[in-house]
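Each of the next two complexes has subunit A plus one more chain, namely subunit B in the first and subunit C in the second.
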Partner chain A sequence: MDGNAWGLLLQGAWTTAWISGVSILLGVFLGLVVALLRLAKIPFLDQLLGAYISLARATPLVTLILFIFLSGPTLGINLNRSTAAIMALTLNTTAFNAEIWRSAFNNFSKEQREAAMAVGMTPWVYFRRIMLPQTVITSLPNLVNEMSFLVKGSPAIAVIGIVDLTRVTNRISAVTYDPLPPILAAGALYMAMIGLLVWGQRIAERKANRLAM
Partner chain B sequence: MPEQPEVSIRNLSKSFDGIEVLRDVDLEVKSGEVVSILGSSGSGKSTLLRCINWLETPDRGEIRINGERIGLQDKTQKPMSRRELAKVRTQLGMVFQSFNLWPHLNVLRNVTEALIYVQGLKKSDAVERAMAFLHKVGMAEKAASYPATLSGGQKQRVAIARALAMQPKVMLFDEPTSALDPELVGEVLSVMKDLSSEGYTMIIVTHEMDFARNVSDQVVFLEKGIIIEKSAPEIFFHSPRSERVRRFLELDKVV
Partner chain C sequence: MSNWEILWASRDVFWQGFGNTLTIFSISAVLSFLLGSLLLFSMEGVRPRLKIPLRIFIDAMRMLPFLILAYLFYYGLPSVGIRMTAWQAGVLALVLYHGAYFAEILRGSRITLSSGQEEAAIAQGFSRPTMFLRIILPQLVLRTRGVMGNQLIILLKDTAFLVIITVRELTAAANSLSSTYFIPMEAFIVVIGFYWMISLALEQGIRFLGRIGEKRGFNNA
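Up next, the complex of A and B:
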């Protein structure tokens, strides 16, 4: 592989990284919002969100991406490829994250809540100061797991013509007629990205180690 | 004008799944009084205590702290907003059997958290007040430790400091020593005894008979959700009116 090929490869890696990164950040946050809305058990909205979660978890990524990208113009919205990709990845990962957050909230100790109520904390203060910091820590392994699923599932975005880290290996080998080196390099780059996520998780866990759960 | 009771409970009733756990309970606690609540397991002691700060919602009856209604609006009988309820609760400190410390916060922050985020104290003021109360319960040296590293007796003393630091009018204790190894019971009881001599108003659910005898001003005996005896400790422990209490005390002697 020459310098030109490496340049293309890194461009592909960057595309995968930033689209995944934005989707991960949005998905973790929106998953939290969906989980909280579901905890509030607001009639109708709760069923609606429940249906969204089942649907999003059952739909293959490729299908979801195509659907969003193609239905945009029909609805008169002009989506560029990256936006469509981020929307699809976010819709997908939010559904999984919502369930991760929700189970962490549901399993959270009732005793700690009562102690907070007894000193006069409002539900919001309790959530912000007592429950959230601890559920972040307990959910982290599952959230990071879901993040790495997202990165590994991200080649699906090539279906609407985005040249991501997987797609770019095709382009390179079309010129070099040697498909193995770019694929091996892409594999290493995927591993690096996921390694970065796991490394971040380890640091957070170490900080939280004094927590006796 | 007669002195207003610090806590007044009237006609309190509560059912769980159609089973009546408290029935028409009346109780008045004066300022500085220590009231012990005794009774066999399942008699409704915890439920009574938890109704006082509205951790359980009673079905009927009214509870007043210093004349101020908790849980329901006085005029409309409608439930208080969560914010109003939280405000009334700051007048009541509660200590739980299982300590219920927050594991992600160190000892100091377990005490300062509500001072800062409920009472709105400046951080430096909160720390100063928290250290004073930690000192009072003999836990000042452990201010930087996390709950997981403490013994049960130490955890309970921190929990007491956490409640005291809010400067409540009344302290509620639900079997504060029942989860402790026998050799750790004494350190917690001694803190509670100090509080009673300092004039704190306390309502204590306990199985510690000697403590109830020596520290209480009133002893209350609950049986199936009904108060069947309410008397001064001298009377309660020596010549109780009810046959049931006599049996309960004899049983305790045998064990």
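Up next, the complex of A and C:
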């Protein structure tokens, strides 16, 4: 492999990193929104979100991405590849994140709520000042774990023709006629990316254990 | 003819894809569970020689995306003279990848098992393999059934990746139908329904296993 091939490989890695990064940020935030909506137990909406979570957790990413990218135009929405990819990854990871947030909220101690109400906090102040900071810390390890799952699932975006870190190996081997080195190099780059997340998770876990009461 | 009628007329394609997905899923689920148990057993004992290389293998699998492994077997290995069909490469990749995950799940539960029963079993004259098979493994399976079920659903979803290395499974069926008749939405809705059904069936199976577990006193897992 020459410098050119490495350049292509790094470009692929960048594509994987930014698409996953945007989906992670959107997914963590939307997951929180979905979890809060489900916590409010609004009739009909609650069942709808429950069905969405069950469906999104059962649908393979590849299928979801093909579905969004191919059926967008028939609904009159023209999506470019990156948008479709981000939409699919976000829809997928939001469902998992929503469950992580929800279980953290459900396990939150009731005494603190009672104490907050007793000193006259409004529900919003209680949520923002007391509940949220603690649940962020306790659910961080699980959220980071889900992030590494997202990066591991991200090669699915190759199916609609995005040249990510997996698909770029085909490009390189089309020139060099030797597919093995680029695939191994791509594997090493993935390991570096996911290793970074796992390392972050370990730190998050240690922090969570220290702050857990 | 409406779009749904076209799909009904070509139901054979769906059935074939569904059959292929189900076959690939069942073969790889069984084999990767066996591989996971074997990996765990090889890391048992007082001073297992294989412990460090297996640890490295499991950690490597946990840091790699599944598709890159499938690429390695399907596109990479022919250049060192090992040729496999897309089907063989896909199943092999699924088995090795998920075998490592199963081993890790079982190991996580294994280290919480008390050593008392192990000592009791050895005092009763159990050999290590029999003890592992009769005493340790059944407990681990019942304890980890929840995580195990999640892993099986991940395995099911990973079979869809095989469409990229040209295996004719369920997603490939939807893809080819949608490009032939240009009805992507309906075709994919049907296929997503199929995946949902399999997942729900798996969850139901795990719940059933949970009832067995509860009867035997493993309701803490």
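Going forward, the second predicted complex is superposed on the first by the 199 of 213 C-alpha atoms of A that agree within 3 Å, B and C clash if a C-alpha of one lies under 4 Å from a C-alpha of the other, contacts with A are read in each partner's own complex, and residues count from 1 in each chain.
Operating definition for what follows: contacts are C-beta pairs under 8 Å (C-beta built on N, C-alpha and C of every residue); 3 or more make two chains touch, one makes a residue touch a chain.
Keep in mind it's a predicted model, so treat the numbers as computed, not measured.
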Which of subunit B and subunit C A:Ile130 touches, first, second, both or neither: first
Which superposed partner A:Met121 touches (first subunit B, second subunit C, both, neither): first
Dominant contact partner of subunit A by residue count, subunit C or subunit B: C
Touched partner set for A:Thr74, first subunit B, second subunit C, both or neither: second
Touching partner for A:Ala208 - first (subunit B), second (subunit C), both, neither: first
Contact set on subunit A toward subunit B in their complex: 111-112, 114-123, 125, 129-130, 133-134, 137, 208, 210-213
Subunit A - residues contacting subunit C, complex: 54-55, 57-64, 66-67, 70-71, 74-75, 151-156, 158-159, 166, 169-170, 173, 178-180, 183-184, 186-187, 190-191, 194-195, 198
Subunit C - residues contacting subunit A, complex: 60, 63-68, 71-72, 75-80, 153, 156-161, 163-164, 170-171, 174-175, 178, 183-185, 188-189, 191-192, 195-196, 198-200
List of subunit B residues in touch with subunit A within their complex: 53, 55, 82-83, 86-87, 89-90, 92-94, 96, 98, 100-104, 113-114, 117-118, 146-149, 159, 162-163, 166
